[in-house]
Amino acid sequence: MDVDSGLGLMAACYGAGALSSLLLARLSGRLALGVGHLAAFAGAVAGLGIALGVLLGAPGRTLTQPLPILFPFARLSLSVDGLSAYFLFVISLVAVAAALYGPAYLRAHSPDAGPARQAAQGFALNVFLGSMAFVCCADDALTFLFCWEGMTLASYVLVVSDDRDGENARAGLLYMVMAHGGTALLLVAFLILTERSGAFDFMALRAAARDLDPATRTTLFFLAFSGFAAKAGVVPLHVWLPRAHPAAPSHVSALMSGVMLKVAIYGILRFAFDLLAPVAGPLPFSWGWIVLFVGTISAVLGVLYALQQHDLKRLLAFHSVENIGIILIGVGLAMILWRQEGVGGALATVALTAALLHTVNHAAFKGLLFLGAGSVLCRTHVRNMEELGGLARRMPWTAGLFLLGAIAISALPPLNGFVSEWLTFQALLGSASRFHGPAGLVIVFAAAMLALTGGLAAACFVKAFGVTFLGRPRTSHAEHATEAPPSMIAAMVWLGAVCVALGVAPGYAMPLLDAPTATLLHGPVASAVVTARGPLVLSTALMPSGADATAISMTMVAALLLSLTAIAWILRRGLQPALHRAAPTWTCGMKPTSRFDYTATAFAKPLRLVFEALYHPRREVTRETAGTPYVLRRIHYAGEVVDLAETQVYHRVEREISALSQAIRARSTGRIYGYIGFVLGALFVALLLSELGR
Amino acid sequence: MTGERPLALVLLEMTLLVLAGPLVTGAIQKMKARLQCRQGAGVLQPYRDLTKLFRKGTVQADTASGLFRSIPVLVVAATVAAGAFVPVVRAGPPAFPLGDALMLLGLLALARFLTAVGALDAGGAFGGMGASREMTIAPLVEPVLMMVVFSTAIAAGTTELGALAAHRGTSWLLAWSAADFLGFAAMLLLLPAETGRIPVDNPDTHLELTMLHEGMLLEHSGPGLGCMVLASHTRQIVIVAVASALFFPVGPAGAGVVGVLVGAGAFAGKILALAIYLALVESSYAKLRLFRVPQYLGVGFVCALTALALRIL
Amino acid sequence: MAETLLWVLPLIPTVTALLMLTTRDRRVLSALDVSGSAILFALALVLAREVAVGGPRTLGVFRLDDVGLVFLLLLVVLTLAVSIYTVGWLEQALEVGNMKAEFLRSYFALVHAFVATMVVTVLADNLGILWIAMEGTTITSAVLIGYHGHHHGLEAAWKYIIVTTIGISFGLFGTVLIYAAAADVQGGAGAMSWSAIMKIAPTLHPGIVRIGFIFAMVGYGTKAGLAPMHLWLPDAHSQAPTPVSALLSGVLIKCALLGIIRFQTIAAAACGPAFPAQVLLIFGLISVVVATPFILAQRDIKRLLGYHSVEHVGIVALGLGFGGRVGTYGALLHVVNHGITKALAFFAAGTAIARYGSRDMRAIGGLLAVAPIGATLLMLAALSLAGVPPFSIFVSELMVLRAGIGQGHWIAIAIFLSMVVVIFAGLLHHVGVMAFGEPTATASREPEAWFPLAGMLLLAAIMILLGITLPGSFDGILQRATEVIVD
Amino acid sequence: MSEEALHAVIDDLGALLLFTMILIVAAGQIYRAIYAVSAQSLLIALAAAVLATATGNTDLWVIAGVTLAVKAVALPWVLHWIVQRMDIRREIEPVIPIAATLALSVVIVVASFQLTTSLGPVRQAIAGNALPVGISLTLTGVLVMATRKTALTQMVGLFASENGIFFTAMAVTQGMPLIIEIGVILDVILAALVMTILVLRVRSTVDADVADLDRLRG
């Protein structure tokens, strides 16, 4: 496919999808849905084409596409450089799956949806995908902002479109407000630059940023960073995320968690390394360290809160907070190391590679997990794990793929999650031995926290998978579940395949990372550093210490595992033929029922107690006794963990503001002489002030 | 760089670990028995148990999914694979990139993950309880272990265990820096936790309320259980081997057959020493309450962090 | 040709108004209504082209320059939309009983008289005529506000007429002072025509002009609904019949703004641009801040929209206050954008109210379920009012913001932005309450009528169009208007 | 008549106007207020006549006549008629004590004089008392509206402040163009008409004073 015409094609696909789903809805909602998703699929494929074309094309290749002049005061254009192409690639990767998954899911999940709703969903999905793709391709502030808000708006529509109950509306509201606040900050950051440059296109902004004084530069960066952080769900700006993402239809949740957050990462990278980067010398000291710190906090808190969720999709959403944190650790490290004299360059490349690789990895496995949760949801209509269980026997494909995703997200070999975390660790270690003094300690601490995060994630997904899919069904919903329709399975298989491929042969993915690393760092590219010893080997050559660098080969390890599994399987069959029978689980001789199965709450309880200080758990136990307190009829236990940021900050602020405005409103007596008095007073004061002003 | 350890050697070391695994357990049991003034079973008892298990038939929970049968296979495979990354008889990186300490820990974590999943598969309270507790302790142990690894890795500039051992060379206690001592102390604190022994876990008990790891094996039987048991033996020796590779000199790199034999002898000695340590700890301490374990590990964490700090500052 | 149009333009609504009195038939009245607005629209477009190519046209006390043109276009577009909307709205209103069939003709006559007065204000070059027409709008619209006859309406009408008349009399005082200052330099009736004054503005006595401007600012500001003189506004805009509310919020307060702009230019020329800019800035900020709590804690949807007008007038004032080409351009653009969006919002709200028979937003629930298109339009309008792209208001707010940043008014920017975000939250909350959830029992389930929708869709189309692009011709008008104001 | 004499006369008239305004503020009874307003309008007409003779501007004669007819006779009569038509209480109901209102009006007068003295060198007509008197008349009229509860007194205040503007217009600018003046007066008449209608309708529908309604708030 001709790459240059690709952008037009992609835009055409998404546009056609949006319009057709609006127009066809009058005929039939299902048709509209189908056509809309088909167009989205085509658009995603086109996106993949463009991205690969640029990424694997001639080095430094950039395709630019001027847009018609919509506003007299701004020249709009699109441009796909290495970075844009990479994120476009990530977006399209998941978009393909989502478009494939969508129709069947929506039909199965809400069969009674009216055509208006289906039209809205088809329309919004296309707009959402399109605007996400074009945010990454924007080459001027205006296009960026438009697509950015379009992205927010479309996802908002999708969130509130799923069920028309108050919960979704509230979630959507919180989401919109925080996103809007973030956009406001971005707006200011952009406008300060545009005022200096007098134009909106990035080229002019770069030029304007070249002669900024350090203070302004840093202010601008943190304005932009907090704007993007609000979108990326960085702690403490994350509260909207675990509410909004689960509320959306599952394939949209996959997109929001897997991809939309990454667009914010794109923005951070674009600002830090491209728009605001000084002409020469390293980035200002504070940037990288703060990003690193924030990332670490997000990673740990995200997974800790995820541990205590019983809502499957909410749990996954919290894990997005964690993974964004991990990505930010890499990004922050790259910022710290960039252009440091010595071998900082190579290390920076390692760090950035880790971050970018984790970006695509997270997109893949988080997408997979959300789709899995979606097919559970559309078959059982239950999101609470405590009401599920025993699904592995009823939905084997979904279960298997979900397990795959769980292993991947827990950063366990031989899957892709491990690779990017390994690279992050290597970057951390390398820089730790480089920065002596407290800086090094901070980095090492980050490493320890990262390790903790990995362990907790594993615990969390043992719970998520075990309680949802294993044991006995706890309710009739789970009892009568059946396997999801093939198109949904296919979508999950696609993402699962990506996870395996990126895990077993990550070396082959490195060339994809060359373009972005080159665009941002102008230093050694990813494959020059990471796969220096051949595509099958991940290594951190050119490491600072000069000593023999670490090298691992995922492929070899996978092969080793495979062969050992084969051997073990023989062993498993036993040394001699022996009888094999099934019997009920041992429950001390009592007749086992589903009530014997460990619940999610119980599973997470020890960790809840260990980290009590962070959770502030709330529990109430009500006992029904038969007459005497010694005979218990039943005990009812209810407990929950509160998100500190949410309760301590957001709710408080919200209460204060509404109370204040209520009070102010109550003050107004609709008395006309009061009105007149205000007019007179205004005039009088104005006159006096003008006199004093002279 | 040219690797000192060709594929054959690596596989050899791996098999050696697998084979020697039960022996270590047996030795520890024997020493414990002695220390508790009992006769105790023979050192080879674990082998007998294993062969018996592999002959028996299997009883599987009727609620378990198809996954359940393959769990032991994957677990043992992952654990054994982890054994491939430890230098046993000869220091120095392998001739070809394979895996490093992080990969090793990752594979052990994978094994643990699968074990816990398997434990939940059968349903019933004990599996869940075991899994829950195991997955509570593990996330607390892993970071500390990693920091111990880092504390040596930062000096060597690599996380590949063979290279680490080579970097340490044959330097012995006298050549240790304060960081090494602290790191080693942390390692000693962690060993019982990682090998599932008192004071963190109690491998002998089958009293449901006290067991962690054993609880997860309850529903396994016959060859499946055999695999799980073998896996835990291997896991134990692998951890011990890591500890010895990190802190004690491994057979000199590039030495010939003699060197290998010397290395093997040295290895046996080191393993024995650490086994004695484990036996002593097990028979001189009581098992901790589950919620005291974090404090216990906290000590290890502090040691490791200090070790790192000393390396960096 | 163009000159004669200057006379004809105000006559058309007047004639239409008189024709209205000749019949009682509803269909005829509606037909007259629409056709009258259509003719006005067409002629205004002709005139617009004339002015766009041939520059400002003057005839006696009337003069149309590009500044006036911006407002004129807004006026005629909204008049047309209102007429189309009214056709459908009337049926609902007659069913509900808000309107009495026998009074219809007086209603239509008054509406067109109202439009006529507004046309005059836009065309007036003579500040005295401007004032007379402005007072004329007050009188006609006051009757319309009280039209429903229930005592809420009467109360609103009373407050409206009293307060705005006071304001306007201050405006007159300002006019008198400016005239006095001008008459010193160059006596005679010419001293009252804005264009003539502008020629000699730099020579005017700054002290008098200063006082005059403040009087005019407060006076016309009262009419424009700038805080703290805004208190009548939510009452009036909420009590008027919906089409009238749309005209009040969409056009009338903009005409008052035109008055302010006229005086601002004079003051800027006479005592330096800094002084009027400061005054506008302060009033603008006060308006934005004052509106916020009332928007958050509001229950009546039309009052909500009223307070929103206060906020947006404040934003326009901010734009003018930040000044510079960008700020002024943004302010003018915002005048148009807000006019159109607010009219749309009032229309959508009106249909919702008719459907539920209540204006309490907590009583209006599940609108999306019973009236998908209307609800969608309502949400679009709300999002646009909140300044979300790709809707028109985002662009103008962007420019206002840009001007502020360019001038370095950091505190103003901070206040402005935080208020905008808070208001966004409040507005979205209110709309969410109305749109989502299960429809309440009182809601009528009948399908949506097409005529009100047609009027709304027209406006929505313009709203989105102006959001994603700025046609060159329109931009040209705005550019020239900016030049007129800035230098 | 000479320039100085003219200004002297105008200033005296201004003083008288201020006095009538004080009467309006102090009036405890609706009738007094109405009479004071008509007296005030009479003085305005007088001022117009004086200016007309002084400047020979015939427009001013017309204005004088119209003012006399409309503001001095018609409007007060209408107010009077309303009061009698629906026998509302004769007492004025102040929001704040009349004494306080008086104090405020004094403040206004002083402030407006201060305001104009700070103008610097300008023509005598402005430098003289005409402008400050005009300002204080206008503001005080509004002050009356802001401190009275009944609709009628508010109308009275409105007319009073209109008078202030008229006086300023004439005294400071020797009269605005005739058409403007006429238009202004027309507007005033229409406004008065609408207000009257409103008052009567409210009185007839809900038996209350329109200025007392306060259902719409917040």
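Going by the order they are written in, the chains are A, B, C and D; count residues from 1 in each one.
In the analysis below, a contact is a pair of C-beta atoms (placed from the backbone, for glycine too) under 8 Å apart; a residue touches a chain by one contact, two chains touch by 3 or more.
Worth saying up front: this structure is predicted, and the values here are computed from it rather than measured.
S.K.: Tell me which of C-D and A-B has more C-beta pairs in contact.
M.R.: A-B
S.K.: Let me have the rounded angstrom distance from the C-alpha centre of subunit C over to the C-alpha centre of subunit D, please.
M.R.: So the centre of subunit C lies 31 Å away from the centre of subunit D.
S.K.: Go ahead and note the Å separation of the Cα centroids belonging to subunit A and subunit B.
M.R.: 35
S.K.: How many angstrom lie between the centres of subunit A and subunit D, each centre taken as the mean Cα position?
M.R.: Computed value for the inter-centroid distance: 69 Å.
S.K.: How many angstrom lie between the CA centroids of subunit A and subunit C, rounded to a whole number?
M.R.: Roughly 44 Å, centre to centre.
S.K.: For subunit B, which residues are shared contacts with two or more other chains?
M.R.: Correct list: empty.
S.K.: Residues touching two or more other chains, restricted to subunit A: which are they?
M.R.: Answer for subunit A, listing residues that touch two or more other chains: 665, 668, 670, 672, 676, 679-680, 683, 687.
S.K.: Which subunit C residues sit where two or more other chains touch them?
M.R.: Correct list: 155, 158-159, 162, 166, 170, 211, 235, 294, 297-298.
S.K.: Touching pairs of chains, all of them, please.
M.R.: In this structure, the chains touch in these pairs: A-B, A-C, A-D, C-D.
S.K.: State the interface residues of subunit C toward subunit D in the complex, per the touch definition above.
M.R.: Subunit C reaches subunit D through residues 126, 128-129, 131-132, 135-136, 138-139, 142-143, 146, 149-152, 154-159, 161-162, 165-166, 169-170, 172-173, 176-177, 179-180, 183-184, 189, 192, 205, 207-208, 211, 234-235, 238-239, 294, 297-298, 303.
S.K.: Report the residues of subunit C in contact with subunit A in the complex, numbered from low to high.
M.R.: 155, 158-159, 162-163, 166-167, 170, 210-211, 214-215, 217-218, 221-222, 228-229, 231-232, 235, 275, 278-279, 292-294, 296-298, 366, 368-369, 372, 383, 386, 388-390, 394-395, 398-399, 401-402, 405-406, 413, 417, 420-422, 424-425, 428-429, 432-433, 435-438, 468-470, 472, 475, 479
S.K.: Provide the residue numbers of subunit D that touch subunit A in the complex, in ascending order.
M.R.: The contact residues of subunit D facing subunit A are 95, 108, 111, 114-115, 118, 139, 142-143, 145-149, 154, 211, 213-218.
S.K.: Going by the contact rule at the top, pick out the subunit A residues touching subunit B in the complex.
M.R.: 390, 392-393, 396, 399-400, 403, 407, 410-413, 418, 422, 425-426, 429-430, 432-433, 435-437, 440-441, 444-445, 447-449, 451-452, 454-456, 458-459, 461-463, 465-467, 469-472, 533, 537-539, 543-553, 556-557, 560-561, 564-565, 567-569, 571-576, 578-587, 592, 594, 596-598, 602-607, 609-610
S.K.: Going by the contact rule at the top, pick out the subunit B residues touching subunit A in the complex.
M.R.: Within the complex, subunit B contacts subunit A at residues 1, 51, 54-63, 65-67, 69-70, 72-74, 76-78, 80-81, 84, 93, 96-100, 102-103, 106-107, 109-110, 112-113, 116-117, 119-129, 131-133, 135-136, 138-143, 146-147, 150, 153-160, 163, 167, 218-219, 222-224, 226-227, 290-291, 294, 305, 308-309, 312-313.
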